[in-house]
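To keep things simple, chains are lettered A, B, C and D as they appear, and every chain counts its residues starting from 1.
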Amino acid sequence: MSFNTFGRMFRVTTWGESHGPALGATVDGCPPGVAIDESMIQHWLDRRKPGQNRYTTQRREADEVRILSGVFEGQTTGTPVQLMIENTDQRSKDYGDIAEKFRPGHADITYWQKYGIRDYRGGGRSSARETAARVAAGGLAREAIRVLAPGVTITGYMVAMGEHDIDRARFDWDQIEQNPFWCPDAQAAADWATYLDGLRKSGSSVGAVIEVVARGVPTGLGAPVYGKLDTDLAAAMMSINAVKGVEIGDGMAAARLTGEANADEITMGDDGQPRYSSNHAGGILGGISTGQDVVVRFAVKPTSSILTPRRTITKAGEDTEIVTKGRHDPCVGIRAVPVGEAMMACVILDHLLMHRGQVGENRGRIGQAF
Amino acid sequence: MSFNTFGRMFRVTTWGESHGPALGATVDGCPPGVAIDESMIQHWLDRRKPGQNRYTTQRREADEVRILSGVFEGQTTGTPVQLMIENTDQRSKDYGDIAEKFRPGHADITYWQKYGIRDYRGGGRSSARETAARVAAGGLAREAIRVLAPGVTITGYMVAMGEHDIDRARFDWDQIEQNPFWCPDAQAAADWATYLDGLRKSGSSVGAVIEVVARGVPTGLGAPVYGKLDTDLAAAMMSINAVKGVEIGDGMAAARLTGEANADEITMGDDGQPRYSSNHAGGILGGISTGQDVVVRFAVKPTSSILTPRRTITKAGEDTEIVTKGRHDPCVGIRAVPVGEAMMACVILDHLLMHRGQVGENRGRIGQAF
Amino acid sequence: MSFNTFGRMFRVTTWGESHGPALGATVDGCPPGVAIDESMIQHWLDRRKPGQNRYTTQRREADEVRILSGVFEGQTTGTPVQLMIENTDQRSKDYGDIAEKFRPGHADITYWQKYGIRDYRGGGRSSARETAARVAAGGLAREAIRVLAPGVTITGYMVAMGEHDIDRARFDWDQIEQNPFWCPDAQAAADWATYLDGLRKSGSSVGAVIEVVARGVPTGLGAPVYGKLDTDLAAAMMSINAVKGVEIGDGMAAARLTGEANADEITMGDDGQPRYSSNHAGGILGGISTGQDVVVRFAVKPTSSILTPRRTITKAGEDTEIVTKGRHDPCVGIRAVPVGEAMMACVILDHLLMHRGQVGENRGRIGQAF
Amino acid sequence: MSFNTFGRMFRVTTWGESHGPALGATVDGCPPGVAIDESMIQHWLDRRKPGQNRYTTQRREADEVRILSGVFEGQTTGTPVQLMIENTDQRSKDYGDIAEKFRPGHADITYWQKYGIRDYRGGGRSSARETAARVAAGGLAREAIRVLAPGVTITGYMVAMGEHDIDRARFDWDQIEQNPFWCPDAQAAADWATYLDGLRKSGSSVGAVIEVVARGVPTGLGAPVYGKLDTDLAAAMMSINAVKGVEIGDGMAAARLTGEANADEITMGDDGQPRYSSNHAGGILGGISTGQDVVVRFAVKPTSSILTPRRTITKAGEDTEIVTKGRHDPCVGIRAVPVGEAMMACVILDHLLMHRGQVGENRGRIGQAF
C-alpha cells in the first residue's frame, strides 16, 4: 500500500527531495551473503550522474552513495540496506517564480492541488533526482542477481530521439557505451549530437524512446494474473518520471499483426531446451518468462523546462507566462537509460525471489519423464 | 504480495479457471453503504459475454453473477464481497492435443515449465475467461465511484483493428454502442466488419488497440512515486490477457514531441478552475490527476488460436505442428473493451479511497487565501 | 492493506457471513504440486463443526467444503484455491431483537457505529462462523507443509477453562482426542464436563485458554523486525474471535523471571545440532525459530450470548435489557482449538515460503567450516 | 510483505544496526500539512534515551534525530519522511567473545543459523537500539493524530517488575513521570528502586509488564477480520524486542470470567453517546474501537546479558560458557515504555487513515433517524 515503495519481496522505498539534505533508498528483503560495497553501487550511479557532457543538466552532484545499514564485512546480512546520497549542489537561488507559478506539463500544479504544500525547490519529490535512489537500489539488485541467476545481463539504450529512430540494421551492442546517448547505432548517434545541440541552444527539449533488454533470464519468472512479469515491468517503467508509454516485445505494434505473424514458433534445440523462431512476445508468455530476451521499451516525454514562454497561472489564480531558466536536460531520456536498467534489475530480482519462494525451482521439465 | 490480487485499498482477488466449476472475484475494502444488486453487475458482464455476435467465441456462457457475501438489504456492508460466476459450458471434448502440445504465443509452455502442472482445459487460469471476474468487480467499483465522485464516467472503445485505424475526425461517442466493435467511427466499424469476416472465415486472428477514457475524474488522485495513477493504470491494463503495450495520453508518440509542442498550457477558467489548452498528458501530471480526461490506450495482440498450422513441441520434447480448432475470437480485442473499462474503474476507486485516507480532500486551493 | 487477508506469501482472504448463502477462503500463493482433495480439508472442518456434542452450539451445519479452483487432477496448480462452504442451517427466525439491540461485549455496536449497516443475522461477518474458512485454509496449509517440511506436527489443546487449569504433571498427548475439550489432562476433562454442564443449564458461559504447539519446525523461520515469527503468530491468534491475549513460550510470566532463570542454555547434541536446556522462549529467538517446539497460547473470553439479562441500548438510543436465546456455545474456546491450529499452520507455511524466497536454505552451519 | 515495515497506510520501515553509522525510520503515507520539526520528535527520543539514570545502560548516545525528507517549511508534504539517528557511541572494543559464542536467550544463534552472517556488534539488527527509530516515527504519528483526532492521549507505564506488581488502588497518573520506572504507584516505585539496585549490582536482570492506554480514541477504528485494531496492536507490541505476551483489556484473565462478569453493559449517556459499565474489552469489540480507553499490556522478558555464567556453544560447535559484560539494562522493560507508546501511536494513526479511506466518517448514528 506504500506510495513510495516498489517491489514485492525485494522492496525498494525511495525517499528524499531534489533540494533537501539527502535522498536515498531503503531496501528490504535483499538476500543475505551478497558481496557489495559502495564502489559497486557508485559504478552505476556514475552512469546516471548529471553534468557529464553538454547534453545533460549542468548541476554538479557528486552523487556519492553511502551504505548505512544491512552490510557487514562486505556482505549483505539480510536486513534492510539503507543507501543514502547527500545533495551537495543545492545552488542558492531565487525560486520565487517557480514557487508561485506552475510549469505546464509538470507536477507543480497537481502536487499543489492535492497536498496544499510542496517543496518547489528543483521540483522537490517530483524531481528526476529521485531516480538516483533507484539506480543505487538497482546496483544492489544486480549483485544479488549475479548470485541467484549468474547468466543475466541487463542493457538499456536509446532507440529514438524525437522523430529520429535508430536503424536496427546498424544495431551494435558495442556502440552503446561509445556515445553520450547510449545509442547502439553509431550513425544515429552522430546525427543526434547535431540535432540535440540545436535544441539545447534554442532552449528547447525533446522526447525519446528507451529499450531495455535482459538476456539470460531464467524460464519461469512471473505469475498470474496481477503478478505477471510484464505487469510489474509496466508499473516499474511507467513510474519513472516523464514516461508516457510502455511496451513489451512488439508492444503497440502487436495490434497490427495477424495470429500467423505474431506466433513465435517453437522447436526443440539440440540442448533439450525449446527454441523460438522469433520473439514478438518480448520473452514473456502468460506473464511468465520464456527464457528468451526480456524486451521492454518506454517513451519519455520532453521536459517542460524550456526557454520559450508558455501560458500558465499562479497559485493566486492569475493568468501569466513562464520561462524556465536554469540547468536542464534538453533530452531527459538520456539519463533515463540507467534508470530503466535499474528498474529492470529490481523487477527481475524480485521475481527471482518470489519464484523461489512459491515454487522453489521450475517443476516442469520438457522431454523428461515426470 | 498476492499474485492474484489487484489494488491497494479496493482489493480485487480473482480466482478460477476456464473449465473449473466456477470463477469469481473476492473484493475487499469496498466502502459500506453502496447500493448494489446482482442485476447492476450483470449489466456489465453482459457486455463482455461471449457468443453475442459472429465476431466473438461461440462458447455459450450465461455468465450469471451471484453475490455471496458483503451485501445486506441491497447495500454493501464494508465486508468482503464475493462475486461468483459458475461455468456452465465446459463442453466435454478431447483436450488431448492441447494437453500435450504447447500453442505458440500462448501461456501453455511457461505455465508448464514453471509449475509442472496446468489445467490445460480452455487455457485454465491463463484463459481470458478470468476477465469476467474483473468485469464483475468493475461493476461494483462503478457503483462505489458513483457515491464518492458522482461525475465520473468511464468509456472504452476500439481505435484500431490490425492495420486499420479509426479516423479521429469521425469520432462519435454515440456510435460506440452501435456496432459490435465498440467503434466510435461508423465508417471504420463497417470496414472492420468486412475485414473481420474474412479473417474469421480463414481461421486467422488480428490484434487491436483499445482506448479507455475516464471523464470527470477529480483532481488530486495518485501519489508519488510508485503509487502514481499512471503506474497503477499501466499495471492494470498490462495485466489483461494478451496486452503488450500501454499508453497514457500521447503515449509512445510523446517521445516525438518537443517541449513546446508537449506543453498543455494553463489558463484560469471563469469558474475559478484551471483550464488546459490540450491534453498531451492524458490527464495525469507527476502521477496525479489534473481533472482533465484520463486517457489510456492498450494494444491487444492477436490470439494464438488459429487454423494455420504452426510449428511447436510436445511435453515429451518432440517437434510437431499445431492447429487450434474450437471456439475462438478472431479479434479478442473486442471483448477487451469492457475489461479495460473495468480495470479503469477499479483503479479510479482505489485512488479515491487512498486519497481520502491520506489527504482527506484536496488541500491546495488555487486563487484562495490559505 | 487488505482487511480480510492474512499472510504475506501464503495469503488467505476469508469472506462470508454467518447467514449468507456461503462463506469461504480465497487462498493465493500456495505452492504447486501439493496433493489435495476435499476430503483432506473436510477432515479438519469436521473437528471444528458445531453440534458434535452437548457443549457446542446445536446449529446443524454440514460444513461441506468445495474446492472451486486452483486444484487440477488432485494437485494444486499454484493458482488461487477457492474453498467454499455453503451455509445450510440459516434457521428462519425472528431477528428483531438482535437487529435493534446491541449485545454487550459483542461487535454489534461497533459494526453499527462504523458502517451504519450490518448483517445482524447470527452476527454476520463478526460471527465465529468465519473461522470455518480459516480451518479450511489451514487444512490446505498442512498439506503444503507436509511437502516442504515433513517433520512438522501442529497440535492444539485447552489448558484452562474458566478458573480451572490443567495439571501439567498429568499432560498426556494421547488424551487430547479423547474428550470433547481437546484436554490433555483426563482428570481435568472429567471435571470440566461437570462444570460446563452446570454453566450450560444456567445459560451462562465461560472463557478458556488454548495452547498450540508446532513440533519439528525447522530452524530459521521468521525475520526481523516486523516480520518476526512471533509477531505474525500474535496477529494470527489475536485475529480469532473473542481472543484477548496471546503468549509465546513463558508469555506474560516471562516478566516475572530473572535473566538466569529465563536463559535457555545451549549445548551441542551428538547429532551436531544445538540442544537447549529449556524452552522459555517458546521456540523463537529474535523472531526466528530455534528448532525447538513453537509454543503459543491464547485466551478466549466467554461468549456474550447468555440468558441472564444485561443492560444495553437500542439503535434508537433507548436504554433496555437483552437476553440472548438461541444456539450458543457455553465455552467457545472449545471450537477455537482447531482454529488456533489452522492459524499456526498458515503462519508456519507462510514463513517457510518467505524463508525460501529470501534465503533459500539456512546459510549458517554450526560446527562447519564456511 | 516487507519484513522491516510496520503499518498499512502509515507505513514505518526501520533500518540500521546497533553499531553501524546510523539507524532510522522511513515513514511513508503521512498526511500532508502536519506541523513538525526535529525538536518535537527529539522530545520523545529523549524519554527513551539510554544513560539517563543508573537503571539503564550507560551507553552514551545523543540520539539526535535529523529529518532528511518529507518536511518543508515546518510541515509534512505527504511524501516520505526520513528520520535518521547517527550512532555516536560505538565504543571500540573487542567483540571476539560475542562474535564466536551465542548468548542463551538471544537472537545471536538464530540470526547466524538463518543468514550465515550477522553484525554481532552490540546485537546488530536485533539490538533494542532499533526501537529508537520506532520512537521517532511514533513522535511523528502523535503530531498527525493531533490533527486528525485531537482528543487522543497515549500513556505507557510499568505495572510489574519481576514478581512485584503495582497496587491499582494507588494508581496515580501524575506519578508516572516522577520516577525512573514510569510507575503510576509511588510506593511500588520506591520498592522497585531498592530491588533493582540489588539486581544491578549482582549483574542480574528481570522482566516487566508494561501497560499502554490510549484515551480519547474515536469510535470506529479497526476492521474485520485480519485488520482488527487489536490484531494490529498485538503485532505491534509483539514485534518489540524481548516481548513474549500481549493482552487487550482483561487479556489472559478474560479466560477466567463468566459471560455475566465479562459483559461491559451499555447505557445511554446524557450526551447521546453510549456509556459502558466497565471495560473488560479494553476498548475494542469485534476488532473495532468503542470509544472507551484502548488498553494494551505486554510482558518483556529479562535481558539475557547477565554476569552469571551460562552454558552455550561456539560457532565452531564447541560447548562453552558465556558471561556478558558491558553496558546493559537490568530491566529492559523500563525503556520499553516509550516504545510501547510509539507503537500505539503508529497503530492508531494507521487506523485513522484506513478508516477515513474506506468509510470516510462513522455512518451509524445511535438515536438518530437514518
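Operating definition for what follows: a residue touches a chain if its C-beta (ideal position, glycine included) is under 8 Å from a C-beta of that chain, and two chains touch if they have at least 3 such contacts.
A quick note: this is a predicted structure, and the numbers were derived from the prediction, not measured.
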Original post:
What chains touch chain B and also chain C?
Top reply: A, D
**OP:** Considering only mean CA positions as chain centres, point out the chain farthest from chain A.
**Re:** C
**OP:** Return the distance between the CA-based centres of chain B and chain D, expressed in whole Å.
**Re:** 44
Original post:
Using CA atom averages as chain centres, what separation in Å is found between chain A and chain B?
Top reply: 25
Subject >> Centroid distance [mean C-alpha coordinates] between chain D and chain A, Å >> reply: 38
Original post:
Which parts of chain B, given as residue numbers and ranges, touch two or more other chains?
Top reply: 1-5, 8-9, 14, 29, 32-33, 78-79, 114-117, 125, 223-224, 354, 358-359, 363
Subject >> Residues of chain C defined as touching chain D within the complex >> reply: 1-6, 8-9, 14, 102, 104-117, 125-126, 130, 160, 162-163, 199, 204-209, 219-220, 222-228, 230-235, 237-239, 244-268, 272, 274, 277, 280-282, 284-290, 297, 299-306, 308, 310-313, 315-319, 333, 354-355, 358-359, 362-368, 370
Original post:
Once bound in the complex, which stretches of chain A touch chain C?
Top reply: 1, 9, 29-33, 78-79, 223-224, 353-354, 356-360, 363
Subject >> chain D-facing residues of chain A, complex >> reply: 1-5, 8-9, 11, 13-17, 20-24, 26, 28-29, 32-33, 66, 68-70, 72-73, 75-82, 84, 114-119, 124-125
